[in-house]
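Reading through the structure tokens given below for one structure.
Order as written gives the chain letters A, B, C, D, E and F; numbering starts at 1 within each chain.
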Amino acid sequence: MRILVINPNSNQAMTQNIDRMAKSMAGPDTIISTISPEMAPASIESHAEDIVAGYRLIEAATTYPEPYDALVIACYYDPALEALREVLDVPVIGIAEASAHMASLVAPKFSVVTVLRRGVRHVENVIDAAGLSSRCASVRGVDLGVLDIDADLERAATLIAAEALKAISEDGAEAIALGCAGMGPLDKRLQEELGVPVLDGVACAVPLAESCVKYGITTSKINSYDRPPAKKSPGLDPLLEQIYVPATELKVNA
Amino acid sequence: MRILVINPNSNQAMTQNIDRMAKSMAGPDTIISTISPEMAPASIESHAEDIVAGYRLIEAATTYPEPYDALVIACYYDPALEALREVLDVPVIGIAEASAHMASLVAPKFSVVTVLRRGVRHVENVIDAAGLSSRCASVRGVDLGVLDIDADLERAATLIAAEALKAISEDGAEAIALGCAGMGPLDKRLQEELGVPVLDGVACAVPLAESCVKYGITTSKINSYDRPPAKKSPGLDPLLEQIYVPATELKVNA
Amino acid sequence: MRILVINPNSNQAMTQNIDRMAKSMAGPDTIISTISPEMAPASIESHAEDIVAGYRLIEAATTYPEPYDALVIACYYDPALEALREVLDVPVIGIAEASAHMASLVAPKFSVVTVLRRGVRHVENVIDAAGLSSRCASVRGVDLGVLDIDADLERAATLIAAEALKAISEDGAEAIALGCAGMGPLDKRLQEELGVPVLDGVACAVPLAESCVKYGITTSKINSYDRPPAKKSPGLDPLLEQIYVPATELKVNA
Amino acid sequence: MRILVINPNSNQAMTQNIDRMAKSMAGPDTIISTISPEMAPASIESHAEDIVAGYRLIEAATTYPEPYDALVIACYYDPALEALREVLDVPVIGIAEASAHMASLVAPKFSVVTVLRRGVRHVENVIDAAGLSSRCASVRGVDLGVLDIDADLERAATLIAAEALKAISEDGAEAIALGCAGMGPLDKRLQEELGVPVLDGVACAVPLAESCVKYGITTSKINSYDRPPAKKSPGLDPLLEQIYVPATELKVNA
Amino acid sequence: MRILVINPNSNQAMTQNIDRMAKSMAGPDTIISTISPEMAPASIESHAEDIVAGYRLIEAATTYPEPYDALVIACYYDPALEALREVLDVPVIGIAEASAHMASLVAPKFSVVTVLRRGVRHVENVIDAAGLSSRCASVRGVDLGVLDIDADLERAATLIAAEALKAISEDGAEAIALGCAGMGPLDKRLQEELGVPVLDGVACAVPLAESCVKYGITTSKINSYDRPPAKKSPGLDPLLEQIYVPATELKVNA
Amino acid sequence: MRILVINPNSNQAMTQNIDRMAKSMAGPDTIISTISPEMAPASIESHAEDIVAGYRLIEAATTYPEPYDALVIACYYDPALEALREVLDVPVIGIAEASAHMASLVAPKFSVVTVLRRGVRHVENVIDAAGLSSRCASVRGVDLGVLDIDADLERAATLIAAEALKAISEDGAEAIALGCAGMGPLDKRLQEELGVPVLDGVACAVPLAESCVKYGITTSKINSYDRPPAKKSPGLDPLLEQIYVPATELKVNA
């Protein structure tokens, strides 16, 4: 099977790390393609960038030139998750929800350690949308931008470990989800250091996507996530034209 | 003061109705300007259209050629609400949250009657984001598209009244919020017919926006809704350039 | 329009401050009358005083000699709010709910800073009754009685600011609601000092009351808040006689 | 020990039924005194009457001429419950909370069948205040006034049974709490008819009050329910004078 | 009436303390029998031991040689509570739920101080099952095993008091439930020391069991807690044979 | 890798179906072993049988003669899930939680269709323990025993489809989880018939177990799920001896 992984920001190093992580978790018969949309934000750290990224994600996912069997959104705000479930016929998995589901299998409560403090409530809402707030002990932010992680991985590791320890000792977390795709390369090192399961969202999302495909289940189209019917509008946004392409004509669903 | 009202869809009749409603509720010193973004969807009935509309909303709000004191988003999914709170310095009010707040002042429980059934869960999430799920008896959809309302107002009135009566008798609603800006013209007629308060979101949002301005409060910039700092990216999305304009240079905040 | 504002305690300085604040927020065509009931408690800091205050509030509201278009209850426990919604036909707004609704428009989470610690849970319940617990980061009490505020405004300002800063840094509040009508005069000063929106309940309630009147909505009488029908009882409480007066004969609704 | 039971309405037949029920559940060494306050409402079916009843309840409880060891409030809105916990030093039990606690011991979910439909949300709030909403399948109202029950007990039994059966078959209730002190005489008959536990609040409250006394626990005075300190006010409400009597001088606590 | 109290662990000193406490709270006509099952764990501090204890509890309760009118389970995890409600026809009370119900009558919020930290989440789930999470300020563990309490009661008292004080000052508790049957002997001493109600579960459960019997209510058998019908299986577990004995033949229900 | 699947009931046909389903979802390098404990109940339809089954499950899992890398519990009550997480060092997955997690990836809301009505609340609690109540539209029971499914698969299919349709049309479900391992063989047939994703728990649990092993995460041992330390007791239950075996000596963890 073929899984398309989209890193919604424009950082190439991050795209490569995501690709590596995705491939390390994929089964022998799975082909992973990891891309980044054109005109993507450098990083996604606000609701405003989340909407721009979502717009570019839909564009990239619906114009990808080859069919694929599942889509993974590799940003911890799960941007455009519900929109892509509407537009595509294949399973769509966000890395935040993926890490929350998997963390719930190995610990009674997990905490998310994310990047900027300003994103804490945003991540709380993403975990709530995944339905797993009751298993989430806390969301904590280190004072790092997304792009600072790769720039100084040592410093990032130190800050994340410090915040994770607070989550464990003060909030009751017994596992840690890494709240940014850029933190993925630190998973095993932090797991060893902290003594609790440490989960990267990409690593969690890929096998969940594979499992859906293998089991033959995909997004329910019966109501909420049905494809929006085409409508005409003066000066139609070009992305809408793409969204309104009939499912049978959309290459990616072929 | 000057309030900008944006109807995020391209329907001109609806924009005119929204403008009329907004002006009917505005104070004597308030200037209402109602616009619709370029390349807006014909109607917003899915998460995919919600993201496109959000993108175009941010574009329209940040490039509006004159300063304004508050912004009202005239679509019941409150698209781009949090993003606009980040990008602008003036108060931003969504019509869904506005109707939920006002309904809570006149009834212990309200129900929302919205357009398509597929949008019911979307509206539930919007009310939840407003913080008022506990006061919302139910969200119900009639089987009408946004554009069908204006096309046959009589039929819309009949269907909305029927669903509202179910909300009252079966779900315990004691007030009705109209879950689509297009339903606004029916508010008084339905209020008389149903015998309970019936609230249009635009009518609720305008005085709330005025109240914020008059009281001298605006979106807290201390953390979650701070403006995202500018970042460079190869092939930057033009909207991001607009988002990254320093607040002091953004005309609309002048 | 005419709005009656009732300060349910007997403190004249507080009544004057409330009147000033109410008038500062009222529209040009609104007449504000601020009164205090006879036999009101000196201050309302317990459930016992809340009931006495509620009793005297209903008495004052139903025997007020002139008609009015809306009622504002100027005590942060929102005493007798539901009872007055039953008895009156005009909109009734409590200052606690008003500040919670308005704070939710300018911040993702607000905290209430109230007077005595013993009242913290009482205020939590009031915010919960307003339906906005999910937007309330915390309720915190300073160690001040209601009457101590006016007695030493400087000290009150210092203590409130200190507690508000804790709410911001420890609880995640991004706006502050002042949990006592007596704190109103400090709103702008604290807003400047704290750098977040600071909301006084009276300032919030008056435009909400005006908005209801202007939009032509009032308390739903369909069920929960219908007027209680008159019943005879041996030795009837004089207030009940007043409550049982038919709506059409009640002057205030004229 | 001596338990004071107060029926907050003026209906003598109901006071007698309550007295009978209380005595049937009391231990051999318990003396039950059942009274009704002067100037009590004929029945309590609204928030307005609830406040008047609460006022008269506090008056009756604080001026009762003999000491008592516990107080039972025999109205299903648990009027003045928190106020009386502040003012008295002895345990205070409301019949609504009592029935909810006991019902939770014999069924996974219970429903309350109360009198008027308008009171349904009021009772929901009372059960929520007791902390037991998660065990309450539903609150349902029959279309009967409080005083209609005693006037035609047969008809009341038929209507309550019908509504209880709906609670069992539609809402998942496995026990029924009778949501009005006037329904007490029907408990055993309905239990037999319905085949599930049927609980009267007075019958539940008396042994709970006894248990507190026997175990030597009473209302915590450490914070929320501490006695309000005396304050002077021009034209002080006579009830406040009574509330402010020092605990040591209040006869009932002797 | 006869109440069977089962201490599900094998500690004889604890069984004796439980027996003493139960008898001190029982009415003059109540006969208390306190036993411990054969093959019981030394203490119950994990889910694994909880299941073994539950198995042995059911065995002990269904083979007890004499009839009894109610059963009290004297372990703070309320092991096998729902299973025993199915198997027996008499009321079954767990000490955790009992202490939570009684604490809710004397304080707005209570905290549980339990033994090991690893059991904190387990106890939280037990309180949630009782339906009273909303009244529980916190569950806190001291670093003591169940058997360490009796071994050094002084040290236990010191540690429990310290943790209880944190619950009061940091979490808002106004009463303390002792989260282990072994802590019972400390109740009055801690109550005096802490100045808030301190509740032992056995002391709470016995009068609740008596009240059910006296009032003539027992576990609802209409659905969730109906006796499981007998089924044949190759190599049937001997306990299942005991569970499948028809109610009429089960001695304990006689 | 090697995954042990335990069907906690004694039905051989069901064990074979479970084995078939597990193998169909396992990766090429995974060895599935499916067993049923000795002395297992014929079916698990009550809390009493759940405890017996849990006891036998722990026994079977800890005495299995060969090492394994993950354990799947193939009963929809997830019996002994937390206990086994304590006792074993390998990941443990329950089929109820597995189906809830996977269903949340393909639909906004899922319903569970389980066997007997008496088990509805039990399953609700299991889904709540998984943390996913907010994504569960409803749990519905058909009037079939576990063993009736295999006995007449046609009738079972008809009844399950009818109940699933009600869940879809009345409760808002957009996917269906099959609430009994015995229903597994019907998954694809019902999916086709209903037009929504239909999920069998065994099919969901196996790839989740594989994913944990592949990613190198297992149950967090830092607190709640640490192995219980060995304790001595007179007449120790033989299962406790097995539970107390040091992890390093337990074959299954080798």
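Everything that follows uses one rule, which is that contacts are C-beta pairs under 8 Å (C-beta built on N, C-alpha and C of every residue); 3 or more make two chains touch, one makes a residue touch a chain.
Just so you know, these numbers come straight off a predicted model, no measurement behind them.
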Separate pieces, if any, that appear once chain A is removed in thought: one piece
Chain hops separating chain D from chain B, counting only touching neighbours: 1
Interface numbering overlap (same over half, different under half) for chain C and chain D: same
Between chain D and chain A, distance of the C-alpha-averaged centres to the nearest whole Å: 53
Centroid distance [mean C-alpha coordinates] between chain E and chain D, Å: 28
Chain B and chain F, separation of their C-alpha mean positions in angstrom: 45
In chain B, residues with contacts to at least two other chains: 82, 108, 120-121, 223-224
Chain contact topology (line, ring, star, complete or other): other
Interchain pairs in contact, sorted by label: A-B, A-C, A-E, A-F, B-C, B-D, B-F, C-D, C-E, D-E, D-F, E-F
Chain C residues within the chain B interface of the complex: 25, 27-28, 82, 91, 93, 97, 101-102, 104-108, 128, 130-135, 168, 172, 174-175, 188, 191, 195-199, 203-204, 207-208, 210-212, 214-220, 222-225
Chain F residues touching chain B - in the complex, by the definition given at the top: 108-109, 172
Complex contacts: residues of chain B adjacent to chain A: 9-10, 38-43, 45-52, 54-56, 58, 80, 82-87, 117-118, 120-122, 125, 129, 147, 223-224, 226-228, 231-237, 239-240, 243
Chain E partner contacts - residues on chain C that touch it in the complex: 120-121
